[in-house]
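Some structures are shown below for you to check.
Okay, so chain A shows up in both of these, paired with chain B first and chain C after.
Let's turn to the complex of A and B:
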């Protein structure tokens, strides 16, 4: 698609614009959080326990959302936590998309026994509910960030594999592919240079949707203390910490909860927007 | 209909193969875990001989393939092993806990579908109106809500602030409300979206235009022709959501102290109760597979275009 057309369609899609702006804002906030954060987000400071939120009364130098049960500034933890959540989600989505796409492309292009083996593998992976498998594996491997990323990759590559395979099977029979075959192009050339560019649209949409899913799953695992481990903040474990202090300082839960909601919403908007923008049927 | 029978048998065979592989994964996972399960059963500082004796008693002294075939042989005879922590048969534990989760799931599902199917269909057939906009927002928000955040939020509103409903426990109808909202909202959101986009797609089809051309009224076209076709993706999504339900149940049951299957899995994993963990994984995969099979069969009845191969 022409860049100009693409750009004008992006500007026209409300979902895309809202999603893109929000995502950009969240990423910038988390990247530059060390310059914003005024307090140590990890060290306990028991004399400052459960201070009520000051909101923006004294700018960013006050406890914007108050402090938690161990005297740590919630706003600082929120920002630092965003770095973990986003980093984990990015790592998982990129690696899973890479593995899934390659397997899907191979499966769709070669077909036959290869296809059957890979598809049965997908069926098996899909037979166990994702989060249940993740919980079991995390408890067994022991919770740390590296294992968390591995588990989330293992449970999410199937989606990319299925989507890529189905698309490749459609494109494979297109005439330009037949033409290349007749001209004697190598299989790898046909697969990656000719078929792959035609299946990227679906992949981009899926990636942006999977971002939201990964952030939510990471939060659930961290909430169950099977993900990011304290004192390292993550939105999931912050919600878990805050659930017993709903009366004294509900912002312990509200801050990470709302952050989680807005972030996932932003990625969902982006995904929907991308679908509208990239869909050739909607011109 | 022999065609249907062949289809069901084929699906059943495939399901069994998948479950066999799941059983290997479940069994293998537990063996990778560090730590000796025999030591978990015994009190701390048990003598070496006691640990050996327990290993023999639990069959842990046997080579892995022997252990696996003993386990799978037991499963085929209906014996899922004995829980190390609860010291009662795993089968009894699972049968005790599953109905508790089913109660929650079925009630949630019924309420959820009664709200979301009409909402999605109405939104789809009145594109661009206020109803459509509200339904879309309802759906987008629901898909962005983390189960953990949603759970704590409804506890905050209805238990802490308003004091209307209990924040945890099991037994009365009041106990159902908050877990059901938490579990149901994301699914309702997805069904609403599917219903909406399904309806929009169907209304564009030529056969809908053809029914109008025949002079059939709008109400009949919508209810008799469009609705039925918009239902297909919904049935599929609901089936796929059963897995999400089971997974969501782990989180929801942990938040609300709901004594169901999800909580059992979480506890079993936490205490390394390996016979329980492997059977729970197997049972959840089996439930998921069976539901998906019914979904496929149901879909082929709703839509004759879906061939039974």
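Let's turn to the complex of A and C:
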């Protein structure tokens, strides 16, 4: 597609613009968080516990979103927590997409026994509830960030595999594939240079949507204290910490909760927007 | 004559095995193409035209399609016995193909220039720039401005895309060009343009042409010789003038009788009764016998051999071969 057309479509799609701006903002905030935060997000300071939000009354040097039950600044924890969330999500999505796409492409292109083995593997993975598997694995391997990433990859590659496989199967019967065979192309060339570029659109959309899902799952696991471990801040364990103070000091839950909601929403919007932008049927 | 044979198909038998049964697509197809010759292969849908073309390149859909007998010799060398590498060198460089549907035979995600120069770069050692230069020339030759090199297939019309397909087909000056119904998906005026183009290129590049079609008009326009295929076998073969002027096989006569004529008295079109012989249950003997008006007892049990009736004009029919 022409770059000009792509650009004008991006500007026209509201979903894409909202999603892209929000995602960009979140990523920038988390990347530059060390320069923004004024407080140590990990050390306790019990004399400052449960201060209610000052918002921007005293600028960034005040407790913008208040403090938690151990006197830690919630705004600082929120920003540094976003680094873990985004890093984990990025690692998981990229590796899972890589594995899933390759397996899916091989499965769809070669078919036959290869296809059957890979697809049954997918079926098995899909039959196990993701969260249950994650809990089981984390309980056995012990909760740390590396294991968390592994678990999330194991549970999410299936999606990419199925999507890629189905698309490859459609594209591989197209006449242009036969044409390139006739013109002397090798199998690897056909698979990666002819077929693969035709399925990337769906992959890009899936990746951006999976980003939101991964952040949410990571938060769920951290909430169950099977993910990122305290005192390292993560939105999931921040919500878990605030649970007991929900009635008396609701900001402890609201800040990470709303941050989580906005982030997941932003990635979902981006995914929907990308679908509109990259839709070849639209003119 | 014998020494400039380019492609020789000898008694080729191809089977398609599917869950619904076994189909005998080709049942002893014998065909020869000489250097510089242009041969038309005519037949109804399902007669085995495309199967023949694909077997030449050893590209039958796997695992369903199989060659169970016969031989394909390209320049005296058996295609079935070639290694993968040899095959890949032949495909595109020596034997090339133009496809039926130009809307689907180009990859939508690459520019047309990229697609043609990919073919050139695959077979010839040259830089991107040289390949692009050559692509530009090719495009100009098939009537597309070279400035459209960087446009995507979706920005072209059907006829233009077929021109691109032809440019990719002739990119490496192949010895044999197989055109699988190249004009079927195009409307009549564009068909004429494409045929003109192919005619021009054929003389210019001195390429042998195997034209697969069910349009008899195209054959008489473009080819010197014609082979009529029915039930996976060649039933009549000869120079276009002879075959279309005095058809011998009742099937060929039927085909020609089914074309409305623009001149003379208006009369009912002659139709061939019955349906085309299906590949799954081919009749014994001559495959055409259930539909044939001249059928004799022998036709029902024995396959008629090719017999030369006059120089270069052969027919596989007991009645016609004896009555010469």
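What we mean here is this: the second predicted complex is superposed on the first by the 281 of 283 C-alpha atoms of A that agree within 3 Å, B and C clash if a C-alpha of one lies under 4 Å from a C-alpha of the other, contacts with A are read in each partner's own complex, and residues count from 1 in each chain.
In this text, a contact is a pair of C-beta atoms (placed from the backbone, for glycine too) under 8 Å apart; a residue touches a chain by one contact, two chains touch by 3 or more.
Quick caveat: nothing in here was measured; it's all calculated off a predicted structure.
After the alignment on chain A, I want to confirm one thing: do chain B and chain C clash, or do they fit together?
fit
Which chain, chain B or chain C, is in touch with more residues of chain A?
B
If you stack the two complexes on chain A, which partner ends up touching A:250: first (chain B), second (chain C), both, or neither?
Touch partner of A:250: chain B, not chain C.
Is A:117 touching anything from chain B or chain C once the two structures are fitted on A? First, second, both or neither.
In the superposition, A:117 contacts neither chain B nor chain C.
Check the residue A:6 against both partner chains and state whether it touches chain B (first), chain C (second), both, or neither.
Once the two structures are laid over each other on A, A:6 reaches no partner at all.
Between chain B (first) and chain C (second), which does A:170 come into contact with in this model arrangement: first, second, both, or neither?
Once the two structures are laid over each other on A, A:170 reaches no partner at all.
Could you say whether A:94 touches chain B, chain C, both of them, or neither, answering first, second, both or neither?
neither
Touch check for A:25: first (chain B), second (chain C), both, or neither?
Touch status of A:25: no partner.
Contacts for A:239 in the overlay, against chain B (first) and chain C (second): which applies, first, second, both or neither?
It touches chain B, and chain C stays clear.
With the two complexes superposed on chain A, say which partner A:140 touches: chain B (first), chain C (second), both, or neither.
After superposition on chain A, A:140 lies in contact with chain B alone.
Measure off the angle at the C-alpha centre of chain A toward the C-alpha centres of chain B and chain C in the combined model, and quote it in steps of 10°.
Once the structures are overlaid on A, chain A sees chain B and chain C at 90 degrees.
Superposed on chain A, how close does chain B come to chain C by Cα atoms? Whole Å, please.
So the smallest C-alpha to C-alpha spacing between these two chains is 13 Å.
Under the stated contact criterion, what part of chain A meets chain C in this complex?
For chain A paired with chain C, touching residues are 1-2, 112, 174-176, 178-186, 189, 193-194, 197-198, 280.
So in the complex, the part of chain A that touches chain B is made up of which residues?
My answer: residues 120, 123-124, 127-133, 135-137, 139-142, 212, 216, 219-220, 223-224, 235-236, 239-240, 242-243, 246-247, 250, 253, 256-257, 260-262, 264-265, 268-269.
For chain C, which residues are in contact with chain A within the complex?
Against chain A, chain C makes touches at 57, 59, 63, 88-93, 96-97, 99-101, 104-110, 118-119, 122-123, 152, 154, 165, 168-169.
If you look only at chain B, which of its residues touch chain A in the complex?
Listed in rising order, the residues are 14, 17-19, 21-22, 25-26, 29-30, 32-34, 140-141, 143-149, 152-153, 155-156, 160, 243-244, 246-248, 250-251, 254-255, 265-266, 269-270, 272, 277, 280-281, 284-285, 288-289.
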